[in-house]
């Protein structure tokens, strides 16, 4: 007799947010790993980038899944935000949110939107041009172009600056999001404490790692 | 001490409300916050004005009636207590104090600071019980040993007084902590296991139908809860819900 | 009219069983056609409503709170008694029966008390099955503690909130029936009159506290479970909204009111701090398991403490007077409530009080902290001579047992009870008196029943700790569902009851007239002004110690205050809206009548027993002096228009199983 409505319920939406978020986190880890290589070895970076760019499984299976994941996470986040706002039609005159919850946890929509805006720029910079390069202009395969392209992108101080700002917001998004996603799927056992620490470390190390890479290339132009 | 109060006044559910300023004098630090409001109301009666309506009953922190949003926080600035146990020593002479009702679509205002929390009752009617007959002849209580650790955690969840501070303080007006406390209490006890699947599905469905928002794990509810109900209960409910959904 | 208590014949231990075997039952198909109204949703009301609905009756419940779960049973802290003998310390049904009769100072009805003791064990079974998280030992079985007036540990508990857990259990059972459509719950509703048709209770008039609308509800039986009337004192441990209106309205319609003067003054409450005070907070009796009560032995020390020149911790053991241990060595700090309260008052009156007002004694946990600390050090193999460590370990144990009470104390008093002893003083806590009921829990109005604290039957002149929860649930879960069937069996012929009957119209008219009177009154004083004044009269003249002169004065003063009230009260707002002042006005109007009857009853009872202490009737060492020859009866008062005209009816109390004896806890 139970009302089973997994896809409609608030908890289901919350779990879907969590799972899509965790999926994006795994992608982010991979992306970070490859970018980090660029600091140490241009050749390895080129090799990996080429693999990612031309492996059919990655291009035609993983890439669409990733895009779908991003869109889902964004749309769902937005839908939930609207629904949550409507759950309190008359706002408080005086609401001291800082008294009991972190800025990051209360403003996921802001950090999320900034990251999303950055994603737009990022897509324009890399992915969009890469698509034109490969599938519209159908250029010949050139396995060593990735590293110079990367370094070149970070030449502009404005772009590097925007990049840094976006990653600070991403750090805030992850600061809440990483652990929140585990709470949402009900993870609560003796490993929970360690996982919390991991979550906070991830939220710091990865975005600031990206910032380091950007600054590294900005100051080490070829 | 002398205080400036900014209080939400709203004559009834249908009309709109606004913040009205009041001044009270001669407030002592030993007074409770509600006694301070008693003094204001006594003043208003003397002036022939309508009193400020607010919910309160036991005034010892257990009935869960009182429900004020004071200076931007559910039950005010002190921790681990509902409004009735808030004392004026938390404030100082000349302070300006905002007093608003608990706000949520699922808690419509009845008058001034009084809200309708019957949505909580309906959630519990959807499954917050063990279906055993009360007039029957149950087995001896000690035939069901329960590990102390489980019994204690079930008790901790059961300490919820149903005040609604979790909803009031949540930026999303989510009732997850309340529902999770109820679900947890039964999930931790063998008596509750039999109906666990239906219970969590039905209670969550009712919670959603009442118009509460979604939980985004900000943790504000745990901080403001007068009984210190833990976020672990929410994790447990999420787990219970997922496994119940998969079972169908 | 002669009172018939309808006690079944036969040996006491068989009465209830035999009775159940022979009562009339209602056929399950017919139960569907019978409506029952339950007023009040505390332990008694909600357990009764749930059980009656489960049996198949159509139930309507009424409570003034915004949810049935908030009834004041929720505030009970310490525990619930049951003769389970899980501790193997010699407990039995008979011993619980005996302790309750003795604790009540031989002023309760034997048959009712024995039945209570019999069903007590069922309550625990029932509640555990419902998922009530009672405290457990490490082996997984239920734990017990000890309460005042007994020599066994038979009290089950859930930390300091046993009442809330038991009430939520009963409320959950109610919710199940609401979900099934068998109970219709009317929250934020207040019963304002009983409707009697052809001599039988047939319904009520209620006010919707939100809309102000006056409603008529009919039923084949009306159950009053509205609790006690302790708020007649204004300051008490009752909830602000607790009131006697339902009980008083049925009294005015013909239900006798029994022993109104039997009031429990609880010894361990947080003392009054000032005139602004609206409410007193109890510190559970369970604290007396570990806390020791004392005052300074020397007057000059007491004075120095009051003036802030000395601290309690400055006094050595020899400078302290553990007066309960001194006067009652065998029960010590666990002497019954009435005796402990009077002992505290005696010391304070003699000038040994320890707070600014001189009305407080100490409840000290230093010894308990030492004892538990040493125990823990031994168990954990740590150094028992390390004083700081012992205190740390001991405090942790005390915190695990009473943590929430200590926190509550600190929030209110702003003092840490772990380092400095608590200050406590007696306060009004419970009323043993109430509507007179027979063995069936039926009042003198056929079809009108009264259960839980609102009736008078089980606690005599003094209630033992942890017995109120037991009685509320016993009445609701296990007694009323049987006895009401006996009344309702012939009622199946009645059919639906119309609310258009002239009796409903008339009752509604009277209710509306009183409301109009309040709203239109051109007075100048608030309802609270009168309530506080009434409370002062009651506390000073009808409180812990009473005498003929004070009581006579009180009767006059209350009557005069009542007159002033109707002239001078000002009720703001309107009748057809949410109006808390209007609701309060109606309640205080009833208290102003009840208070007078209360004093009248106290004046007529020329003896001291339990919570009723008449200064004229005491032994040489200040103990209560009962007069069994002349007062071994229940005083049931019949309403005749004014409290002063109330007519006394006596139900003799016959003790066949327990010998009447002077109560001794020495």
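As written, the chain order gives the labels A, B and C, with residue 1 at the start of each chain.
Throughout what follows, a contact is a pair of C-beta atoms (placed from the backbone, for glycine too) under 8 Å apart; a residue touches a chain by one contact, two chains touch by 3 or more.
Source: prediction; values computed, not measured.
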Which chain's mean C-alpha position is the greatest distance from chain B's?
A
Determine which two chains are connected by the greatest number of contacting C-beta pairs.
B-C
Whole-Å gap separating chain A and chain C, where each centre is the average of the chain's CA atoms
61
Dist(centroid_CA(chain A), centroid_CA(chain B)) in Å evaluates to 36
Quick one: report the Å distance separating chain B from chain C, using the average Cα coordinate of each chain.
26
Listed in rising order, chain B residues that touch chain C in their complex are 11-12, 28, 30-32, 34-35, 38-39, 41-42, 44-46, 48-51, 53, 55-65, 78, 80-81, 85, 87, 89, 110-111, 114, 116-118, 120-121, 124-135, 137-142, 144-148, 151-152, 154-155, 158-159, 161-162, 185-186, 189, 191-192
Chain B-touching residues of chain C, taken from the complex the two chains share:
47, 50-51, 54-55, 65-70, 72, 74-75, 84, 86, 122, 124-131, 133-142, 158-159, 161, 163-165, 168, 171-173, 175-176, 178-179, 185, 187, 210, 237, 239-241, 273-274, 276-279, 281-282, 407-408, 411-412, 414, 477-478, 481, 524, 526, 528, 570, 572-573, 577-578, 580-581
Which chain A residues qualify as touching chain B in the complex?
1-6, 8-15, 80, 83-84, 86-97, 99-102, 105-106, 108, 176, 179-180, 183-188
Enumerate the contact residues on chain B facing chain A in the complex.
6, 8, 17, 19, 69, 71-73, 77, 98, 100, 103-106, 169, 171-174, 176, 197-198, 201-202, 204-205, 207-208, 211-220, 223-224, 231-232, 234-242, 244-245, 248
